[in-house]
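Labels run A, B, C and D following the written order; every chain starts at residue 1.
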Amino acid sequence: MKTWQSRIKGGSSSLFEDFTSSVHQDQRLAPYDVMVSVAHARALSRASVIKPDEAEQLVSALTEIGEEIRSGSFTWRDELEDVHSHVEARLQEKVGDLGGALHAGRSRNDQIAADLRLYVKDASLSALGAILALQHAFLELGRRYQDALIPSYTHLQQAQPVLIAQPLLAHVSMLGRDWERLRDGLARTDRSPLGSGAVAGSGYPLDRAFLAQQAGFSTVIENATDAVSDRDFLVEFVSCCALCMTHLSRFAEDLILWSTQEFGFVKLPDAFASGSSMMPQKKNPDVAELVRGKAALVIGDLTGILSLIKSLPLAYNRDLQEDKTPLFHAADTLLAALEICTAMVAELEFDPQRTEASISSFSLATDLADYLVSKGMPFRRAHSTVAELVAECLERGRALTDLSAVELETASPLFSAMPRPTSRTSVKRKQTAGSTGPEQIEAQLQAALQLLTDREAETKRLSPAQ
Amino acid sequence: MKTWQSRIKGGSSSLFEDFTSSVHQDQRLAPYDVMVSVAHARALSRASVIKPDEAEQLVSALTEIGEEIRSGSFTWRDELEDVHSHVEARLQEKVGDLGGALHAGRSRNDQIAADLRLYVKDASLSALGAILALQHAFLELGRRYQDALIPSYTHLQQAQPVLIAQPLLAHVSMLGRDWERLRDGLARTDRSPLGSGAVAGSGYPLDRAFLAQQAGFSTVIENATDAVSDRDFLVEFVSCCALCMTHLSRFAEDLILWSTQEFGFVKLPDAFASGSSMMPQKKNPDVAELVRGKAALVIGDLTGILSLIKSLPLAYNRDLQEDKTPLFHAADTLLAALEICTAMVAELEFDPQRTEASISSFSLATDLADYLVSKGMPFRRAHSTVAELVAECLERGRALTDLSAVELETASPLFSAMPRPTSRTSVKRKQTAGSTGPEQIEAQLQAALQLLTDREAETKRLSPAQ
Amino acid sequence: MKTWQSRIKGGSSSLFEDFTSSVHQDQRLAPYDVMVSVAHARALSRASVIKPDEAEQLVSALTEIGEEIRSGSFTWRDELEDVHSHVEARLQEKVGDLGGALHAGRSRNDQIAADLRLYVKDASLSALGAILALQHAFLELGRRYQDALIPSYTHLQQAQPVLIAQPLLAHVSMLGRDWERLRDGLARTDRSPLGSGAVAGSGYPLDRAFLAQQAGFSTVIENATDAVSDRDFLVEFVSCCALCMTHLSRFAEDLILWSTQEFGFVKLPDAFASGSSMMPQKKNPDVAELVRGKAALVIGDLTGILSLIKSLPLAYNRDLQEDKTPLFHAADTLLAALEICTAMVAELEFDPQRTEASISSFSLATDLADYLVSKGMPFRRAHSTVAELVAECLERGRALTDLSAVELETASPLFSAMPRPTSRTSVKRKQTAGSTGPEQIEAQLQAALQLLTDREAETKRLSPAQ
Amino acid sequence: MKTWQSRIKGGSSSLFEDFTSSVHQDQRLAPYDVMVSVAHARALSRASVIKPDEAEQLVSALTEIGEEIRSGSFTWRDELEDVHSHVEARLQEKVGDLGGALHAGRSRNDQIAADLRLYVKDASLSALGAILALQHAFLELGRRYQDALIPSYTHLQQAQPVLIAQPLLAHVSMLGRDWERLRDGLARTDRSPLGSGAVAGSGYPLDRAFLAQQAGFSTVIENATDAVSDRDFLVEFVSCCALCMTHLSRFAEDLILWSTQEFGFVKLPDAFASGSSMMPQKKNPDVAELVRGKAALVIGDLTGILSLIKSLPLAYNRDLQEDKTPLFHAADTLLAALEICTAMVAELEFDPQRTEASISSFSLATDLADYLVSKGMPFRRAHSTVAELVAECLERGRALTDLSAVELETASPLFSAMPRPTSRTSVKRKQTAGSTGPEQIEAQLQAALQLLTDREAETKRLSPAQ
């Protein structure tokens, strides 16, 4: 029995029920729907639409229903179309006709908007915490290999030697911005649509600030039509998921490269790799590959939700029911990916001998050019002088470090007193803030740790008291 | 116990299992996996890798497993990572060590590619049939209102009067191209990757043509590396789904418009509408709205799958496991949408009085201009003469048909002998092929019906004998 | 002559030049490239890499180049691959070898990141201003029709009567969140990558805080590798564009509906409509249609840029060159759409008689149900009582307001003393915050105006002093 | 002066003109617009709407205009909104009032649909040819290194040794399906919308088959409403572009990997690489990176066009003007990418010593397991026996080929008579069709070449006679 059955005479076909039912999806929202209903019961009483003891009866029955949902004893039935109908039907079983009084002054339109916002709030808070955990893991990994060298890359060609912490800190920084974006979005999610009715406001004198506070929102969305029709809090959250997953996919790509036979930079923890059913020797970086693949689907989630909302007339349209598919997929995927990356990073082992040995002598070419500049040659000419040396070496299959003092001086007399550069001296020369110089790495590690500590405190403040 | 457990010592964490398991998704592929395994058992025997009676034992155990899957008695276990492991484990329970012989010369890479192709074949055939059914429903609806008039629109502004069948036949045509695309894609899907091993071909003398035929494929994909790594059959299928859903979303949009209070052109069957929990008068076109919304998500599926494949190195990468999420979603959505649209179109009722009465007199403006042209005025001047008349009428709140003979002749003496145009004469004047003229509509309806009949026969030919 | 030509012996084919050149796109960045180069010249001098008077020479030549670019006298040449090469080549024409000194300690990687960030800063500030202007136009339109009634819609079915300002204020609210998001993103964009070198930091003692301040950034991005490789400021900006365009597409959709013959709610300003080449009577809502269409392409921009970045290894990769296509398209589209919507809203005319007359009597059904609740009937029973009445009226082709007192009392004796509801009493009954009640509308209009004033001041503070 | 100016009194603002003008985009369609107009002139004469000599005058003036466009002497003016207005305005300059007669019986709606289809036909034919050229280049490269060994990969981990031609032939196969898809789509594009008028058909007795043939179409799209409103030929073409670019991105990824210092498998032709402005040693695989990046944007094009069309009511809507942006971008990108890849593949050099030497001994593990199977051990047990050996070797840092006969026999006595496997014997063992065995490679190369020859002939047949 639908809540609107009297108006629609024909009954509905089971084809219709299957096609339109959202219970499979929105039963995840049941705990929030109960919270919202408790708030509404209290607001109705405050507005004298129902009596205080009626409100108490409703609240206590709803609390029981909340318990049933949490414990799994709640019965989901195919003939009820959505989560709201389930809660209301169960309520009527418990309190009879009084259950039918609860819906005065509200609509499923403001209800579902509130349920979704409460869900996105929780998902955002979980993601904020999970990001901090992964950042911690990266920082600890950086500390563990603080003196170890590795090539850096641009265009996937070796660029200059760096300390291993340098790329790891890059990932910490990216995640830091993901954290900021989620926090900023959270402030826009944490606004209450309750009391907006179907589209035009409620005909009952409901106190919207009270409703918001009772349901756990920080503030109220002003316009009632906007409140029931807009889903940009959800788009913003899925955008954050898509961008954060994109960041993780870049780390996954590096990890896949680093664990090839050809690079050989890391040893994947056995617990995060799998074998082949056919080839006995295989050890595959499955987790990293799946993170990469899942990032693609979250991009698809974002495309889907934007395309869904595009061109919808005001206000609520049933199309919006479909917003839950990309939302839940994006949230679940991000949280799982953050969690498994954290566990994997914690157990990652670099092979510092191999990473250092892999650095090509040509990675020092910039150091040679910089030396010429320090002796007075304009940079562009220094660059081309060294480039000629590199080309010669390559032609004759020699390393840049194989060149004799005489050969160097022939290229430019300014080379005469140059101390021979090594990967380590190259790294030490970097002294700009945020660079790979050892002191700069130390400073970066410390600053990052401090920021994490501050943000842990901020995340706690943003979380509802339990 | 994984099939590759010996190589990977550490065991895998449950975090890993949860993150990488695909059973939840790929158990839908189990019947195909059994078919493919039966084919492989026979091919191994033919290649003398196993004995004929061993093959028979395997085939008969696999057949039982197929039955268990179909009947729902098969047990899915969390500790087995994918559908292949499940079938193999059950096989070993039934035939012991011999079960372990089946995997010789193959890999999960060629197996999953074959499973997916068989699934896409079936889904394509279902979609071909479902499209024909919806086209039938449109044709019947067009016949039912063969003489009824309705405004046509460009820019959602009334353009010219048409017969109701005209826009309905447009939808039949769009769906007809969807049918062609799916059929063309089916030919590319129906190629067997079996016998390709992990990436390089098999070390056993397997007869790939025999394997293909046994598993129900029409032909063989030549290159083994391509066979295990490419998913373009899947992208092509999801593309077809996205475009067909986009077509359905356009029909849904028209339906939503037509059932507004303002248009009032159709009465939605009660079984395909719902009411409001708050507003007792509401009858909402939910199905059409959901079709529109679901189209957006299928666009997201396509984005996701393309982004997933982009930049993957050869050959199989675990990212590909994620291809099943958009594939199944797109296929399920398209089939459900086609089915419910068919049922809804079958029961759709137009209000032919209202549709005819809604046609604005200004929709006849082109007929006036055409009349002037027939009397020798160049079209561009005729157009501007009539446009002036329209502007005048609008300014004075009059209909174009209210103009007196004198007023018309003042605008142009060529109007003097003009028979007054009506919606019906306007429609009758259209004689180009495919136009809305009554004979043309009759011709369109007949040609469309003939095409459907031919295509039903073709679909039957493409379907495997049961 | 490329800046790296010495190393690459073969020269490059013109095919290569055409395929890789970015000048066509990045010449828009030239003014920013000059700013960044000026900052670098000063930082080199401060770090004693060049002499103060050399720096002055460079700065003054760069200033001239900036003038040439602004005035259009700068020559763009096909053989120079990007904007950086153009500026450097021109510099060498002006100051000879000294021009070659400028590139010491920097790379095109940190340069382009800085150029792009400065561009996105400017584009964000323009969008912030343009959003406020459109919000103003909506508020003024709401004021102009403050007492006029219009149907509100859910599922595009008439829901309840509202004041015209109600949906307009919904659009103001949506745009308000777009403004917030752009502002939050701006804070993340306004960070300097300068001094990061190619990937590992610079070998020269450059003061990054000084560089940032000279180039007009508020702060510094810490990690050098992150600084050159990350583009999330750009993704975030394009996300904001996509969501804001999606919001505009919803307004466009309503406008297109409102200007149909069937709705007839608004008269589009002639300056924002076009006619038909064939049908003399047409007046098409082209601007609204194009806004809707352009929104789709900006969603595509976002998909493209995310898919571009997904799976890129650290750090800079040439793929990133392609980020400019979606960035510029999204920014240009958003700014143009905001501007033309502002002009169009300013001239929009409603037909308040028609909007009020269009409100169906059934829109008052909720008011009847609410009345029953106020007399003590539980809501769910009241809803179904009224729904029966509605169904009866529809069957007999009567308006809900046609029912006699007797008929109402037959349905429920509680109706006996009910004052007959009208659209206007229905609106007046709404008293919750943000609802369509007249006082609530007045409060919404005032609060919105106050917020705009505050945000205009904030936008000014965020803009660089000219 | 617009062709519809008389109806719209207010004139249009320049803001409007800038926002709605499509000339910048659609001037590429001018040659097709002339072809279509020539066909229409002849059809009007055939239908006796104009006189034969008038038709001749129009055709000859249009032919001149076509020449002016081709030679670049045609003047594009900002005040004319689209390509159709330009051609008509120029025509009136040449033939006066008679020019205004040409538009009788047609609309810009059927005109633009025809122009676009003719463009997509040409672009498809170009792509068909360009794909064949790239396939040729791959085949020649495979021939050049026909005996050379290289590791194959799954999960980017070394799998089994293959001949270099094996992965190259995989790319040939992928491109082969792109070719098929484009050809199939071409058949659907090559249908004429001419004679459909604005939406309902034409009021003049135009012979649509004659129109189609005159404009160079193979057949006619039946329904007039469908003919002017549908763009699925365009979506299908952009889908083909997106999938083909995705294929190219996979090749690009391999190329980028193969040219790293760590893999070192190929030497990029100097003409297809670039250097660094800062690091003198760099040689970057820019073309491959750009191909990868551009693939992402074409995915965005597809998303954009689908999202554009979704939910559009029938029939033509101005949103469709925006279809040209993704269409032209996708077509240009695909053609340029195919062309440069062809040139690059033609000059690619492998380092066959390095590729062979890179093959890990563990790549032979499957061969060992297969040997045990051939001696009667069930595969699953053989797999695990060899996996234990691999694990032991790795632990003790030994190659699989280092194991002594005794050690092997300890693992399994079945190993006793085994000839030691090498990369080359491993490759030779593969005898399934499409595998990497030398005869199979030869067969694949020959079959591929034959297919190319056939398809070159087919492409020629599909191309219009010049």
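Throughout what follows, contacts are C-beta pairs under 8 Å (C-beta built on N, C-alpha and C of every residue); 3 or more make two chains touch, one makes a residue touch a chain.
What you are looking at is a predicted structure, and each value in this text was computed from that prediction instead of being measured.
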| item | value |
| --- | --- |
| Set of chains adjacent to chain B and to chain C | A, D |
| Reaching chain D from chain B through chains that touch each other, fewest steps | 1 |
| Between chain A and chain B, centroid-to-centroid distance (C-alpha), Å | 33 |
| Distance from chain C to chain A - Cα centre to Cα centre, in angstrom | 23 |
| Junction residues of chain B, two or more chains touched | 3-7, 9, 103, 109, 154-156, 159-160, 197-198, 257, 275-286, 289, 292, 296, 299, 302-303, 306-307, 310-311, 317-318, 366, 383-384, 387, 390 |
| Contacting residues of chain D [partner chain A, same complex] | 151, 154-160, 256-257, 259-263, 275-286, 289, 303, 306-307, 310-311, 358, 360, 362-363, 365-366, 368-369, 383-384, 386-387, 389-390, 400 |
| In the complex, chain B residues that touch chain A | 2-13, 15-16, 18-20, 81, 84, 103, 106-109, 197-198, 269-287, 289-290, 292-294, 296-305, 307-308, 310, 317-322, 325-326, 329, 336-337, 339-340, 343 |
| Partner chain B, residues of chain D touching it in the complex | 3-7, 9, 49, 88, 92, 97-105, 109, 152-156, 159-162, 166-167, 169-170, 172-174, 177-178, 180-181, 184, 188, 195-206, 208-209, 220-230, 232, 235-236, 239, 242-243, 246-247, 249-250, 252-254, 257, 292, 295-296, 299, 302-303, 306-307, 309-318, 366-367, 370, 373, 378-381, 383-384, 387-388, 390-391, 427, 429-437, 440, 444, 447 |
